[in-house]
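Note that the chains are named A, B, C and D in the order they appear, and that numbering of residues resets to 1 at the start of each chain.
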Amino acid sequence: MNHIERIFCFCLLAILFCLGSKPPVGAFGPTPFADDSTELLQKMDGTVRHFGDLSRQIWEFAEVGYKETKSAALLKSDLRAAGFQLEENVGGIPTAFVATWGQGRPVIGILGEYDALPGLSQEDAATRKPRASAAPGHGCGHNLLGVASAFASVAVRNYLAEKKISGTIRFYGCPAEEGGGGKIYMARAGAFDRCDAILTWHPGTRNRASLSSSLANITAKFRFYGTAAHAAGSPEKGRSALDAVMVMNLATELMREHVPESTRIHYIITHGGAAPNVVPDFAESFYYARHPDMPILDGIWARIVKCAEAAALATETRMEMELVNSVYNLLPNDALTALLDHNLLRVGGVRYTGEEQSFAEALRKTFTGEDAQPLGSQESVQTPEAGHGSGSTDVADVSWIVPTAEFNTATFVPGTPGHSWQATACAGMSIGRKGMVVAAKTLALTAVDLLTDPRQLEAARASFDKRRAGHEYLSRVPRDQNPPLNYRDQ
Amino acid sequence: MNHIERIFCFCLLAILFCLGSKPPVGAFGPTPFADDSTELLQKMDGTVRHFGDLSRQIWEFAEVGYKETKSAALLKSDLRAAGFQLEENVGGIPTAFVATWGQGRPVIGILGEYDALPGLSQEDAATRKPRASAAPGHGCGHNLLGVASAFASVAVRNYLAEKKISGTIRFYGCPAEEGGGGKIYMARAGAFDRCDAILTWHPGTRNRASLSSSLANITAKFRFYGTAAHAAGSPEKGRSALDAVMVMNLATELMREHVPESTRIHYIITHGGAAPNVVPDFAESFYYARHPDMPILDGIWARIVKCAEAAALATETRMEMELVNSVYNLLPNDALTALLDHNLLRVGGVRYTGEEQSFAEALRKTFTGEDAQPLGSQESVQTPEAGHGSGSTDVADVSWIVPTAEFNTATFVPGTPGHSWQATACAGMSIGRKGMVVAAKTLALTAVDLLTDPRQLEAARASFDKRRAGHEYLSRVPRDQNPPLNYRDQ
Amino acid sequence: MNHIERIFCFCLLAILFCLGSKPPVGAFGPTPFADDSTELLQKMDGTVRHFGDLSRQIWEFAEVGYKETKSAALLKSDLRAAGFQLEENVGGIPTAFVATWGQGRPVIGILGEYDALPGLSQEDAATRKPRASAAPGHGCGHNLLGVASAFASVAVRNYLAEKKISGTIRFYGCPAEEGGGGKIYMARAGAFDRCDAILTWHPGTRNRASLSSSLANITAKFRFYGTAAHAAGSPEKGRSALDAVMVMNLATELMREHVPESTRIHYIITHGGAAPNVVPDFAESFYYARHPDMPILDGIWARIVKCAEAAALATETRMEMELVNSVYNLLPNDALTALLDHNLLRVGGVRYTGEEQSFAEALRKTFTGEDAQPLGSQESVQTPEAGHGSGSTDVADVSWIVPTAEFNTATFVPGTPGHSWQATACAGMSIGRKGMVVAAKTLALTAVDLLTDPRQLEAARASFDKRRAGHEYLSRVPRDQNPPLNYRDQ
Amino acid sequence: MNHIERIFCFCLLAILFCLGSKPPVGAFGPTPFADDSTELLQKMDGTVRHFGDLSRQIWEFAEVGYKETKSAALLKSDLRAAGFQLEENVGGIPTAFVATWGQGRPVIGILGEYDALPGLSQEDAATRKPRASAAPGHGCGHNLLGVASAFASVAVRNYLAEKKISGTIRFYGCPAEEGGGGKIYMARAGAFDRCDAILTWHPGTRNRASLSSSLANITAKFRFYGTAAHAAGSPEKGRSALDAVMVMNLATELMREHVPESTRIHYIITHGGAAPNVVPDFAESFYYARHPDMPILDGIWARIVKCAEAAALATETRMEMELVNSVYNLLPNDALTALLDHNLLRVGGVRYTGEEQSFAEALRKTFTGEDAQPLGSQESVQTPEAGHGSGSTDVADVSWIVPTAEFNTATFVPGTPGHSWQATACAGMSIGRKGMVVAAKTLALTAVDLLTDPRQLEAARASFDKRRAGHEYLSRVPRDQNPPLNYRDQ
């Protein structure tokens, strides 16, 4: 597609998505490329190595959610050195922080994450080689995520300072995205309240601004307490907690036919009894439920809880539910996405050296899935698509508070599965760092646009108001629930 | 075994059963055989043909529970002719009646039944030949049951009249034993209240007085009401009543491990949805639960009801339970059983003619089970055994109100399965009638013993008091529930 | 929307649906309205009453699938009178027939149906009044369906004859659409083989040509055979067929999470045991599975069969599957739909008299659903939408053999639920007949277009070839399976 | 009961148990009490303190199954010092050994065990005080078991040596009784093959020789392997191993109704998925099945395996079964039990000091069960009872190879629950040691009887032959399966 076609298609999608909408937000066209921005990009090229090193250090730390002490310290130190003011221990989380520079409106935020995933330790090699057995690894590339966002924040700060432009740039250090819901507790503490727009990105296998939503998610552990008894000697005296888990699971399975098609319910049994010859007096399931729309998810969740209560009733056991985490569905922002798409096109994709090409080819040999994404696609930028992905993220909660948009860059070899050792490998070597630079530049350009062109912010706000219309944000995590700082402990 | 051994063994069993009991009731030995009783038996021989004809007529009527209009009328007419006073429509049941003769205490009752079983119509032939397709038949031999009891009642009446002995003999016309629970409603109406002892028998494959109990039983239909929806178009709008049936069944199956070993729970699904393309808004299960002890059964039943409630809760349906029937576990009476055993031995077993032997041999070829009961065993009388059978009967409810005992005679060829066309065949021909005469004579002798020897009644009462100690009879059928007069309608 | 907008939107949809397609078939625009066609419509007005009467007669016959003897006879008689040649007993079905007029190519077919639905008998009144208790009724309006198609066929015949145009018009008398799959057996007999295009319609609540597909469907009964035993006496000797049904159902429920989202699986239990005190030796489930794509459905169905086999294995029972019916997903035809849309717009919607308006208002008071379709919408014609409906139809099988298209007209008051007594009522009175006339006229205009403009047929063929590309039609109904002529018997 | 009554009752039980048997084995009465045996007992009193110390050391070692290195070494050292010949590493098990003294027939064996139970560490105190958190403890009193058996072996050796009696006494050091099945592998190695009789005992809450059997047992892990997939993104690509576990469990639960009443089936889920957002590709259940009769258990087990196979079939997963352990039902020996009962009566029960009485009273306050066993009952000896317990033991496998009998002594305060911290406490203090001395003396007296009175051995053999008649011993543990030496590792 040429450029005109791209714009046409994007408009078309926006039309279809916002059926009956007024002139599409963002459609008056983003700010034309300024000389200033060229200069900005050139200056960023000067610190690529420095930020690349940071990303490798955090990749080596490989700290899991809420335990990202060294990773957070490294980023804080770098931002402090660049003149940012730090608010630490945000929301009672030791590794959450906000770094702010500048003054007055607008306030533009950029989200950064830096938590690793258990069990995904891997060398920066194209074959499976854990750096440490069963240790965590950056299989989601958050080492790149946090650093690119910091990189962009510093670049924007320098630009504002140099050009003497008023306004505020803010970096959000967000821990425990992977199931810990760090942003929920930061949001509860008001960290996002005085922001005009928020940008973020995520490592990926392609370059694309996102118009897509994510699934609202509620997760909880259902614990059943029964009565132990010798399973051969007096089973009639026992009340099996495992029976309760099975009744709950089955009732939920029967419910599957009677929920909307886009619902997702999945669970594991985390405790299924201690010894076969004892009627289990404790058993536990861990449930996730998801839907593109939080209020509908609420109704589905209430029915899952009924299944759990019914299981306790039928088996004469006692049930306790611990809500572990809950995130919203992401609210896409048409205007911000158009702007990100525009800037991403300007920055362009990722080109491999011969060595990187060889690495990519070798790595692709380890892929088992049937992914049609061709090698080479990392060089181009793809058109945003509406819809909703199949994942869930705590970025979604932010998107209900502030106009927020997201994009991906090709930090991973095309076709790399998510949360894989292959992703860890890419995130630790030059391919990952190249994608990271694309991200940092796109973030910086977009933040500057938002800081300098009030129409862009207005459009973002209009987009936000339109999509959020009639709904209020209220996290399903109980207000008295503390961040699960030890959720990664065994 | 010789006679001494028999008595020894019987005592032993009684000892074991009533551990720590005082001298076993009945153990002082039954009344020695009187000349009078020889005369009684001889006189009965004179009316064997008459009562045989009655049994054949009722066999041909083959009327199911609560619909035994002609059968009851026939028996009433015969008893009225013999001078009995009739109380009709007992407990609001058109085919229930009490026929009484004599005056004053003691009052000895004999139970009679006359309901047939659906689908067991059969000629009196040794090969499968229904008299009418899918019609009822006397596959439990109740045509013999009712008539032998009436035969005995008339014989006792004649004896009392002739010997000018005071006391009362009473025949109970009891409908719908097969699942209709007729005696429960007769008991509720007080029909058994002023009786000193009650005797009954049941057609069988051997001759034996019974020390055995039966299983208390509660039966109910669980009905679930959901929300219909097009199963392809909007399954998410449906709430499946069939899902509820499945959850209830599964929860109950999981409960099986956690009830006492001698519990029985069984069910069918009587309504499992109307059309596959509609989410079922109605579904129904029919449950039986049994245990040798009613209070324990109560606890088990309460848990089944919880499973049903849980199923409704989990599936967002509504549950209604209709208690269909409930009978007690039978309270054996050691003294009465000893007396029945004594008289049954006196009367002796059943001897076949050559023709009957051929019939028996032919019939046994149609048996598929692995029954060790040999042909010829119908000639002897077997020793009572304690324990409990696997069936349930409404005679049990009577046994908690009045000292009651029961015995079997070999009306069916040894090895005949219960509720079979083979049993129907036997009940309609000479083999059945021979067993019936053994029963009538045993009943008559025993009733006379009870009417003339106060020590026997005292022992029966002591036995009754000992076993019932600490428990009160209270039928689990709700007091406001009417006899299910149409329970056999489809 | 004005006319230009409509055309634009339609094109847009076609573009989106056939991504990357060559110039949309049908998009060169349908034949401009000819004077001839005005004349055709005027002539049809002259026989509206006659065909209205026929529709009422068939409404009164209300014959269920494969039993439509009088209904088929009436239509045959009318078509024979108009000079059509009749082929009867098509595919071995007494009520299936093909009526043909003319000669040579092209051959244009029009499908007609005339089966009623059990239990939906109703007067032509706005309140629930069955004409006969529990009797069938035309709750799907097939009385209108068959007659409109015959009406159109006769009109086309007259037009061809008068204008001396060569070509063939053919009416297909198709029994048992409602679950009997009549067209499958007609197709197997080659009835649709020499046709160039096929048109059909269906009574509805709106006027709209259809671009939508339907769900491929396989339905079967799974029968399990176990071993009976007394459920209290010797349950360990029994092997429960009901257990097998439960295992199968549960395994299938667990599978639900692991099939594509647009799959539909639904079942009822058609036999769940005979008596609670007998371990069931027979039990039966009736399953439907559906998916928008037949080959994918095949894979899902194979897994359901595995669940059934597993259930037999686990419960030591025997399983038999009887495939009851199977229809394909409908293959929409973009060119034919464009043509139908064009002609439907020309004919226009349905206008109510004051009396009809009152009837409609009264009837709508009996609707319980939350249908947004407003009263008055019956007057306009709506734009086709792609996608797939939630139902299944044997028209789909025809659509894989011949280019086929379908449309709806507002024979029912807007908001009328499908398969309802309200639909029966409408189908028997003037509102239904007005919609029927719209249908007949649209069919006639379109058939004439196809008979006279070769470009239209070419476009239809191209559309067909494109969508069917790479797939062959092969009914999943076994070749040796006869039409289930008695499937409506109880 | 006086002594005559006891003998009478015992005979009666034997009669009942061996219905139709010839004169009960052992019933000619055990050897009258000899002066020599009085001397034997007196000499044993001289080493009570020594063996008490050993038992306390092993109690402190508290080593779990197959890890009883120090415990076995201590016993070996003591027996070697007493002149026994040691065969070590029996059956390839480092902690299994056989210690033999003497020569020629008869050969009398005494079994000793010494493994502790995980998590039952406890001080010798009447309130809960673990010696080490979550550490093992002798909650089954095997520290007493092994030492009493060694104590008796040494006493018998001394007696034989002193009296110059020929014959052989043998101590079996048997590891891992608690679920490790040590004796199965010792038996496979032929360790019990040349023995004439084997005696053993078990710590308990009463003094009683055992006529009771135990349950045959088969245990296995069922492992299912499916296909992982993102549970929200592409659940349709996953095949859930947890689904397979659920189908297997449910099928087995439905089977429960259809196995003999005395069957026991119990299971836990040992692995129920790794993370809720991933379709589990691995899941595992751990099953036990038991029945009083091994061939019947085989049939039940085959059906459980079918349920597992069916689960794999229905869910498109793969199943692997690992048989973990299997023991026989114990074959009681009437003659040996009669002899043990006789000698146990001679030795008498356990008398508490004031301090022990206080300890017992305090400990009983921590009991929650409703045990009717009164304090004081430890002083008397109770009559053997037939039947079968609810547990399983690898002593059973020995009992099918050699005439074997067992008894209990009151090493635990009456009412102490099995496998409890209270049992650990008793096993470590004087109450446990008193019961151990009763056991050692009874074993010694009985072994001497068997070594000196050939009639006793003949009776034991006759008893053995009668009960085993027609059955051959063949362990269900595969011959190529090694002892699970690390089964207690986490």
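Methods note: contacts are C-beta pairs under 8 Å (C-beta built on N, C-alpha and C of every residue); 3 or more make two chains touch, one makes a residue touch a chain.
Not measured: the values here are computed from a predicted model.
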item	value
Furthest chain, CA centroid comparison against chain B	A
Pair sharing more residue contacts (C-beta pairs) when C-D is set against A-C	C-D
Intercentroid distance (Cα basis), chain D paired with chain C, Å	71
Distance between chain centroids, defined by C-alpha means - chain A, chain D (Å)	57
Where chain A and chain C are represented by their mean Cα positions, the distance between them in whole Å	46
Set of chain B residues in contact with two or more other chains	231, 235, 246, 250, 254, 257, 261, 266, 279
Sites on chain B touched by chain C in the complex	215, 219, 230-235, 242, 245-246, 249-250, 264, 266-277, 279-280, 283, 285-288, 290, 389-392, 418
Interfacial residue positions of chain B with respect to chain A in the complex	231, 235-240, 243, 246-247, 250-251, 254-255, 257-261, 279, 303, 306-307, 309-311, 313-316
List of chain A residues in touch with chain C within their complex	250, 253-254, 256-257, 261-262, 265-266
